[in-house]
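Consider the two complexes below, in which chain A is the common component and chain B and chain C are the respective partners.
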Partner chain A sequence: MSAVTPIAPTPVAPVATRAPRRRRVRKLGWNLVGLVVLIVMVFPVYWMVATAFKPGQQVLSYTPQWVPLNPTLDNFTEAINRPHFWDSVKNSLIITTVVVALSLVLAFLAALALAKFRFYGRKAFIVLILGVQMVPLTALIIPLYILMSRVDQVNKLSGVIAMYLTFVLPFTVWTLRGFLLGVPKELEEAAMVDGTTRFGAFVRILLPLVGPGLVATSIFAFIQAWNEFIIAYVFLQSPEKQTLMVWLASFTSLRGTEWGPLMAGATLTSIPVVIFFLLVQRRIAFGLTAGAVRG
Partner chain B sequence: MAEIQFTHVSKTYGNDFKAVKDLNLKIGEGEFVVLVGPSGCGKTTALRMVAGLEEITDGEIRIGDRVVNDLAPRDRDIAMVFQNYALYPHKTVFENLAFGLRMRKVPKAEQRKRVEEIARILGLTDMLTRRPAQLSGGQRQRVAMGRAIVREPKAFLMDEPLSNLDAKLRVQMRAEIARIQQTLKVTTLYVTHDQVEAMTMGHRVAVMRDGVLQQLDTPQRLYDAPADLFVASFVGSPPMNLMEASVEQGGEGIFLRLGETTLELPGDVVAERPALRGFAGRRVAIGIRPEDVREASGWDGARLRGRILLVESLGAEQLVHIEITAHPLERTDLVDAAAQPPSPSLGVDGLERTVTLLGRFDRHLLLAPGEAVELAIDPRLLHFFDLETGVAIPKAEVPVAAEVEVAG
Partner chain C sequence: MVTVAESEYPLASRRRRRFSRQRIGRGLAPYALLAPAAAVIGVILAYPLYLLVSLSFQKYGLFELIRHKGRGIGVDNYTRILHDSQFWQVLGRTVLFTVVAVSLTMVLGTAIALLLVQVSRFMRLALTTGLVLVWATPVVVAVNIWHWMVDFEFGVANYALTKLHLGDFIRHDWFESPWSGFGVITALVVWGAIPFVTITVYAGLAQVPQELLEAAAIDGARPWSAFREVTLPLLKPIFVILISLSIIWDFQVFQQIWIMLDQRPASDYYTMAIYAFSQSFRLSEYGLGSAIAVVMVLFMFLATIVYLRQMLKAGEVH
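Right, the complex of A and B next:
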């Protein structure tokens, strides 16, 4: 998922003069930097997966084992057979799906209002949305907990979903607003003259055009909801209500951390994110509005 | 096919900015009317009010016999071509063309037939599966036109559809749009800031300024008998030469004093404009088209002496800038800002005011900058305007001012 993909230096004909050679050296330098960044980003992921396949005694060996010598699936079976694994999977899936779906619908409509309509307090609202994101989550946990317990939403998935929306929505609204602003208003007007209602123009013209924005924000919402730990840990007390991230924490107990099964569990929990990303990433085709107006 | 009629239409924006003021205009069935004026004159607002994209503050717009003030755009049965084409980028050319038909629940087979027919007319047949991004500017323009035509609407509204094309393509599309309009005979309201487009395309041209309709007339009448200084300065390229002159009564005759030259106005010119006598002893604005400025050889009337500043060769003719002694127009607020000549040359002492006259001369005339020339000004070709109001001093048999009222 690294943004920097190293490009193999293209072979240059031997007749290359001095100037292209200098350019080639510089290109090589940039490629090396890209490679380093890639390694830094990929290594932890690799180490997680590698550890998951290592038998117990190799996990904490003093000489690091770069490649598991006797790969085993024991850690995986142990992780899956832990109590509440499937409950957690179910809870995580429910929470994530609902958060992604709700945030897309709400954020699209909110962004539409902010981008296309002029109303009193619009500017203040936009600034507020940005400002809310500056407040650290940990500072909000206690007031939010009190608030949610008053409305009887503690230890319920619906409560956690509401909490997640509070910090997913500002970002998604803000992002989608940007995408909507990029669609010239003449497109809607043309659609309205062509025979759609205002809402019809939103659905038939705007919605397809902000597709890439919806994909980008849905990825964000998915990752946020799937990977969130603190809120889930604080709000969901009973083990059958917990999410996968909280379930992962149960590998660390007073007796220490069971690294093998923990890494196996972590590997398993990261699979859905990867799958989701692979499913939607091809739809991130930026510049889809090209050709709408004069080039 | 239907008429479009504006009756006392005004548009005021929230901050009390009046974009259109009391507009009265009737576009006949099948007529091609061009709204023209400098940017910000309210012409686009007027068009958008017809489309239903802008609310009407005051007055009434009718399409056919229906008042459309409160109708949604889709219920007005009009088609619009936007300045930036506004093609749907995620749809193919075919889908773009068919969109309006689909929204109106035209049967699939009929949709296909009509789209293919339009594509054939516009030469888009090979491009039906492409997306707008894969088209050239001219092709996009055609698709935008096609999208309007295919619906067979009551009226076309076009908002500067050619302003994004390069000069050559613009001339070509100009003729093409005029031809299509002639074939289909659809009522068309066309907005542009380009007076050449207005003159070449419209059956009638409506010149607007600051939200007010100045004159509505055929292109030729607009050119020959501008209703006021603004129209005179706006229509025509290069624009009309405008300056001040004093009217003097001398015995039976009326004389025009222009710098150090005195022109006698022939009897028929005065008879044509009876109001001119009333201006005796006062100053008026006079105008003369560049093609009416002539070199004086063979002319036995009064001559104007001038000095050539610049000669621009246009191939078929030459455009000559000539400095003459005359009083420049002081009321610059009455003329088109873009048409104003460069400020008088440096070192003017106030007594010797000069005006730069543009003349359109035969290319065979040998002229060089710095030379002195003598010019013949035929008084019959002059235009006269009231300096206070900017309104043309009317000709008796064709009262120009009354012509505007007819539009109401």
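Right, the complex of A and C next:
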């Protein structure tokens, strides 16, 4: 309790004019700091895109060109024409599509059970799906390899799909459960009183209401499956089976990296993720911390 | 009259029977809904976890891989790694990396979140968009970008540092010494982890009641002590979860090092995950690799026990 802070009900005139100006100066200072932080954070991404559009001799120059003055698409055509680019695109698309579709169905059913029913073992399952998210993937890769080689699923897309599905399920179940809990029970009951069956109530009332949740979780599953590297790297050994991330990582293992095409390839593989990410970013932040905020 | 009563009775009992069958159906419904997801998680997450522990007590090499059957050797794998000086080095290196990376991530992430509160609305929008852009960058892409930026010949980092007169960095190889190499890797990991921390902490800050901060200010609290006494305790659950997740992510760091060092890192760059991976997939010592991985899991479990307790509580509430 310091006596310095007066609780003045009526501000005196000079104070009133000085305070806003000082506040404005301070705000300007904070904005400048914000600008510096923004530049530092975004620069690597900018540098990737800028390099991708530069002609070869500008990429390999001792004094870097900050802005690509003569932009060219050469790096992109070179990246696309590298061996196995289209194979990788195809594999990545197959894997992500199947993972998204299966995870949506399985997660929705499980979330329905968790949100709309009370049953024995419910808590145990919730603890299980929260707990398995903690298991490090890099530790599981060894037993998974043994398991998959026993059932002959090494170097097959189906094996990778099964693993990706498992790793996105806990999150998707948990997030969809949150959405389903948000649907008021009265709405369902009103629909059933109006003579629809439980299934009819589900289709007409529940589905439209959890639509945004389904979109968010499917995009999450897409990003996870699209970005994953370790499993694809270990399990898809032949080059025509690899995904885009493995294809991209194989650039660096060559003697003398071709930075221009590599940055073009990196830009191409990032575009779908960045678009989807901007769409659902708030949902994902919310879902990952839901356990803490609600507990 | 009698006929009516007779005809009514079977109707009622039929209705009752249908009702009970419906009840049984409803009782089983949640299990049927849960079954597919539970089966997948059981086969591909729970069983491998068991397999990991059981492999760590076996001799499991190439021969055993082909036969699909290991040979039990008790705790030999564990005594081998515990008497291996390299194991202790790797463990120490991983712990040090995790402590540094998690601290930097949390401090910088929180600082930027506090900055977001202060800046103008336009700057806030620009910063958030930039952060999401960084967040969205796939890890493999991020590693390649940083690799390019610190390239010893044409990298922009060496040029800029030399121009800023911070030393002679022309043709400086960042990966010659593991210390500076890990510096680059830490910068890359922290850069990629900041957006999630910042956006989560910022969302938490928005929920701190303004009256509390005003009351603190009236009581004469300076901004820093108001932050420590009011904001931090309120955000504690968020910090617990963020620190735990960061520990989990950083302690098992793999891709950043693996790709940055052209998929064949020298042993100076081994962390727990890379050590376990190399023992298994390079030397075909799957049992030994499993033992290392088990130790890694135990360490992460100990480091995140507060978070686990919080999660168990969350599971009980609902």
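Here, the second predicted complex is superposed on the first by the 223 of 295 C-alpha atoms of A that agree within 3 Å, B and C clash if a C-alpha of one lies under 4 Å from a C-alpha of the other, contacts with A are read in each partner's own complex, and residues count from 1 in each chain.
We adopt the following convention: a contact is a pair of C-beta atoms (placed from the backbone, for glycine too) under 8 Å apart; a residue touches a chain by one contact, two chains touch by 3 or more.
These numbers were taken from a predicted model, which means no experiment stands behind them.
Asker: Figure out whether A:234 sits in contact with chain B (first) or chain C (second), or with both, or with neither.
Answerer: second
Asker: Have a look at where A:146 lands relative to chain B and chain C in the superposition and call it first, second, both or neither.
Answerer: In the superposition, A:146 contacts chain C only.
Asker: Residues of chain A touched by chain B versus by chain C: which partner has the larger set?
Answerer: C
Asker: Which holds for A:95: it touches chain B only (first), chain C only (second), both, or neither?
Answerer: neither
Asker: Under the stated touch criterion, which partner chain does A:215 make contact with: chain B (first), chain C (second), both, or neither?
Answerer: neither
Asker: Could you look at A:197 and tell me whether it touches chain B, chain C, both or neither (first, second, both, neither)?
Answerer: A:197 sits against chain B, while chain C stays out of touch.
Asker: So, does A:184 touch the first partner chain B, the second partner chain C, both, or neither?
Answerer: first
Asker: One more residue to check, A:205. First (chain B), second (chain C), both or neither?
Answerer: Touch status of A:205: first partner only.
Asker: Under the contact definition given at the top, report the residues of chain A touching chain B in one complex and chain C in the other.
Answerer: 288-289, 291-295
Asker: Any idea which chain B residues touch chain A in the complex?
Answerer: It is residues 51-53, 72-74, 76, 78-80, 82-90, 99-100, 103-104, 131-135, 137, 140, 147, 151, 164 of chain B that touch chain A.
Asker: Any idea which chain A residues touch chain C in the complex?
Answerer: Going by the criterion above, the answer is residues 1-2, 4-5, 7, 27, 30-31, 33-35, 37-38, 41-42, 44-45, 47-48, 51, 59-64, 105-107, 109-110, 112-114, 117, 119, 122-123, 125-132, 134-147, 149-150, 162-163, 165-167, 169-170, 173, 181, 223, 226-227, 229-230, 234, 245, 248-249, 251-253, 257, 259, 262-263, 266, 269-270, 273-274, 277-278, 281, 285-286, 288-289, 291-295.
Asker: Which positions of chain A touch chain B when the two form their complex?
Answerer: Within the complex, chain A touches chain B at residues 184, 186-187, 189-197, 200, 205, 208-209, 288-295.
Asker: Which residues of chain C touch chain A in the complex?
Answerer: Spelled out, the residues of chain C in touch with chain A are 26-27, 29-31, 33-34, 36-38, 40-41, 43-49, 51-52, 55, 60, 65, 68, 112, 115-116, 118-120, 123-124, 126-127, 129-142, 144-149, 151, 153-154, 156, 159, 191, 194-196, 199-200, 203-204, 217-220, 237-238, 240-242, 245, 248, 251-252, 254-255, 259, 262-263, 273, 276-277, 280-281, 286, 289-290, 293-294, 296-297, 300-301, 304, 308, 310-318.
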